[in-house]
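Should a chain be cited, it is by its letter among A, B and C, assigned in written order, with residues numbered from 1 in that chain.
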Amino acid sequence: MAIDTAKRAPASLIFMVLAALAMLAALFSLTNGAYPLGAKDVVSLLVEPAAAKPAAHMVFFDVRMPRLILGFLTGAVLAVSGTLLQGLFRNPLADPGLIGVSGGAALAAVSVIVLGGSWLSGWAVLTGRWALPLAAFIGSVLTTLLAWRIASRSGSIAVATLLLAGIAINAVAGALTGLLTFYADDGELRSLTFWSMGSLGHASWEDLKIAGPWMLLALLLAPLLAKPLDAFALGESVAGHLGFSVQWVKGATVLLSALGTGAAVAVTGLIGFVGLVVPHLLRQIVGAGHRILIPASALAGGVLLVAADSLARVVVAPAELPIGLMMSLLGGPFFLVLLMRLRIGA
Amino acid sequence: MRLIGILLTTLLALPAFAGGASNEDAKSSRIVSADGAVTEILFALGVEDQLVGVDTTSKYPAEVNQLPKVGYLRALPFEGVLSLAPDQLITTEEAEPEQTLQRLEQVGVKVTRLPVAQSPEQTLQRITAIGELVDREAEAAQLTNELQAVFAEIDNKVAARTSAPSVLVLLAAGGHGVSFGGSHTGADALLKAIGATNAVSNIRGYKPASREAIISANPDAIVVAESSPGQFRIADWPELAQLPAWQNGHRYVGDSMLLLSFGPRLAEALVILDGILPDTAMAGSTLASSHGD
Amino acid sequence: MAVLSVTQLGLSLGRSQILQDVSLTVEPGELVALLGPNGAGKSSLLKALAGELAFGQGSIELFGRDIRRWKGAELARQRAVMPQRVDVSFPFTAREIVALGCSGLTVFERNELIDYLLQRLGIGDLAERLMPTLSGGEQQRVQLARVLAQLWNTRGQRLLLLDECTSALDPAQQQTVFSLLRELAKEQGYSVVAVVHDLNVASCYADRLVMMAAGRIVEDGPATTILEPGLLDAVFGLKARVLALPEGYPVVIPQT
């Protein structure tokens, strides 16, 4: 048989492995952290919650649990958005950042951090504790809609223009963010630096309540796009010939990515690389078909982020590394190795 | 698959060095300090052995480097702080996130958020407050008295001065360039305390310094606050070196924590800065010698 | 009822007129070859028929209904399109590509159909190969299999729009493909509109030849009337002899 025949593990095996990894990552994440609450303590905590110290109780139920769920959802949503957008743009280098999601979120977040006490004090008062995440969410969705608006001509969207519009909007948002940074004081500067490095450290049930539904919505609806995105791999016109409503697919893809990523970014800050690396890596293992790729990306993205977050909170304990930083630290070199291996293989 | 294997081994190997919280016998009270000046005050009050963790802004005295660091005071990790099993966390209003502080309180950690001190008066209040928090009222009173004596002398000299000299404060942090300490900064507050005006009061906050603006500022004295020793090299800044103030020795280059933290070393900072002002240059030595009695 | 009926179609891109006054009817079971020099408007006409290009004047009716009143999914069951070039952006296998054309089948039925079509096109052993590892001709046949799969289980009228679907194939493979198309037309009643470059292939397999030049249809008829030295010279600038074969169709022999 020819050597080029695609060697792929059966999908069921891959999902079993990913599910097992997810379980492992979850267990690891729940039993590790700066606070001494290991597997044994967790078991006794679960068996006899009343007997536990209030601190241990809080660490497990109000810190590690929401953190695990938020981490998993965020990783899943970032990876799935990456998969969707790579499929839409027919480019393995696309990620949610490209359509302006992160640029818009960053601009909105920095606006709140820097202007929250002055021009935007009304917003800050109105939204209270949610001033920043809400602004980031709105910012990311608005910039995406703007890119969409620019790329649409008489009801149809030019995908290449959408990409360019996203890049241009990112540049403008980046410049405005820079301008605000210039006016920021020392403390604000540190705050926005930390925001841009992402963190799951403040994850709470409230965060999950406001961001979770959007992320779940994106994750649950994404598989519906599997078949149309397969068709998109042959080009927009072929997808149309095959009977898919091309405009609808484009709209749904961009909207789901923007909502999901926007919600994730709003509560965690900027976390890069997941959306780029996970789909790219999985395509080598499970193939390019989106029916498998989308759910596999969700699982793998979740596992990756939970694992990275677990590392982030133990390597410099009792302090924590920002998760976005951790991802780029791990993901960057990993991606490079992958690229070099592919080149050698080719 | 091999990569997944590597990831797995890493994950499984980690618990070995994770969660290594100190379990030594708790003394009367275990304290985490999340502010450089607060840490300095705790050392000055002699309760350093109760200190079980500090934030990354705590750099003085050198002994703090042996303590566990809980990260930056604007991004305090709940689990990280809690893992040190503190009885109290002393920090400032700058501390974040709100949620971490609330949760710490909920599990019985006494969290105190002191106002940000930016004047001799507020510094004294802060010392007194911390003295009460750690049961060292007497030591705190002694320290405030010593500081007060110096502050009073400085005040006298300020009152005796006919005009306020203008001072340029530069902050050297990071590898590249320096920043002006404009209005609404600790640097500005420090200048008020020695009766000087800010040579760049038209700038708000810390802003990157341009060479032209340095020349046009033409101050009576120059202060360079370094975030680490030797960071500032005058050879890189000929514009500064040619200013009359620099030429005539009305200058000071030193540790930014000493100058800007508004802690127990504030008196030292004020004396140093007062010493470089042109009209008090000669009086500086007498003040330094009179400080002891 | 005609499968395809184009009336006085006019189409312009920017300021240049691409198609002008094009009228064309295709009946069930007819294999029509679109001929003409490069830039004559063959591909544009095919794109207009595929609904990819909006046209200014005239009308296009597919299966008796205005093209603009068809829903994409509905039309896809009766009409399939093979573009000149298809780039596959991700490493799909040949089987996955053909599967895109299959809908409403069980996994078993689908695989059976895919294997059958690939077999018929002479690439039966390439089903599990990744597209980027296939040669141009192999990829082209995989795409053709996808296009055929799309209409395979449809009842009633079917229309294939093919733009140079054998451009990367050698003569024997070309023969395989056009024999199959002819079989589908004659036995299953498929209507086929194919842009063809090889005049002799058109002559051999097509029921009708439509000669285009400068955005217009110059001639429309059986090979015997279209493949005529005077017209070939006028349209292509081709100096050729045309021989009538005993099989009943002419053959074009270029002259030095």
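Assume contacts are C-beta pairs under 8 Å (C-beta built on N, C-alpha and C of every residue); 3 or more make two chains touch, one makes a residue touch a chain.
These numbers come from a predicted model, not from an experiment.
Peer 1: Measuring between Cα centroids, which chain is at the maximum distance from chain C?
Peer 2: Most distant chain from chain C: B.
Peer 1: Would you identify the chain whose C-alpha centroid lies closest to the centroid of all protein C-alpha atoms displayed?
Peer 2: A
Peer 1: List the centre-to-centre spacing of chain A and chain C in whole Å, with centres computed as mean CA coordinates.
Peer 2: 44
Peer 1: CA centre of chain B versus CA centre of chain C: separation in Å?
Peer 2: Centre-to-centre distance between chain B and chain C: 78 Å.
Peer 1: Using mean CA coordinates as chain centres, what's the chain A-chain B distance in Å?
Peer 2: 37
Peer 1: For chain B, which residues are shared contacts with two or more other chains?
Peer 2: Within chain B, no residue contacts more than one other chain.
Peer 1: Which of the residues in chain A end up touching chain C in this complex?
Peer 2: Those in contact with chain C are residues 2, 4-6, 87, 90-92, 227, 230-231, 233-235, 237-238, 240-246, 283, 287-289.
Peer 1: Please name which positions on chain B make contact with chain A in the complex.
Peer 2: Of all residues in chain B, those touching chain A are 3-4, 7-8, 10-11, 14-15, 17-21, 23, 53, 56, 68-72, 74-75, 77-84, 94, 96-100, 103, 106-108, 184-185, 205-207.
Peer 1: Quick one: which bits of chain A touch chain B in the complex? Just the residue numbers, please.
Peer 2: 17, 21, 24-25, 28, 31-38, 54-55, 58-59, 62-64, 129, 182-187, 190-191, 194, 199, 201-202, 204, 307, 310-311, 313-314, 316-320, 322, 334
Peer 1: Provide the residue numbers of chain C that touch chain A in the complex, in ascending order.
Peer 2: 50-52, 72-77, 80-81, 83, 86-93, 96-97, 100-101, 103, 125-126, 128-130, 133, 143, 150
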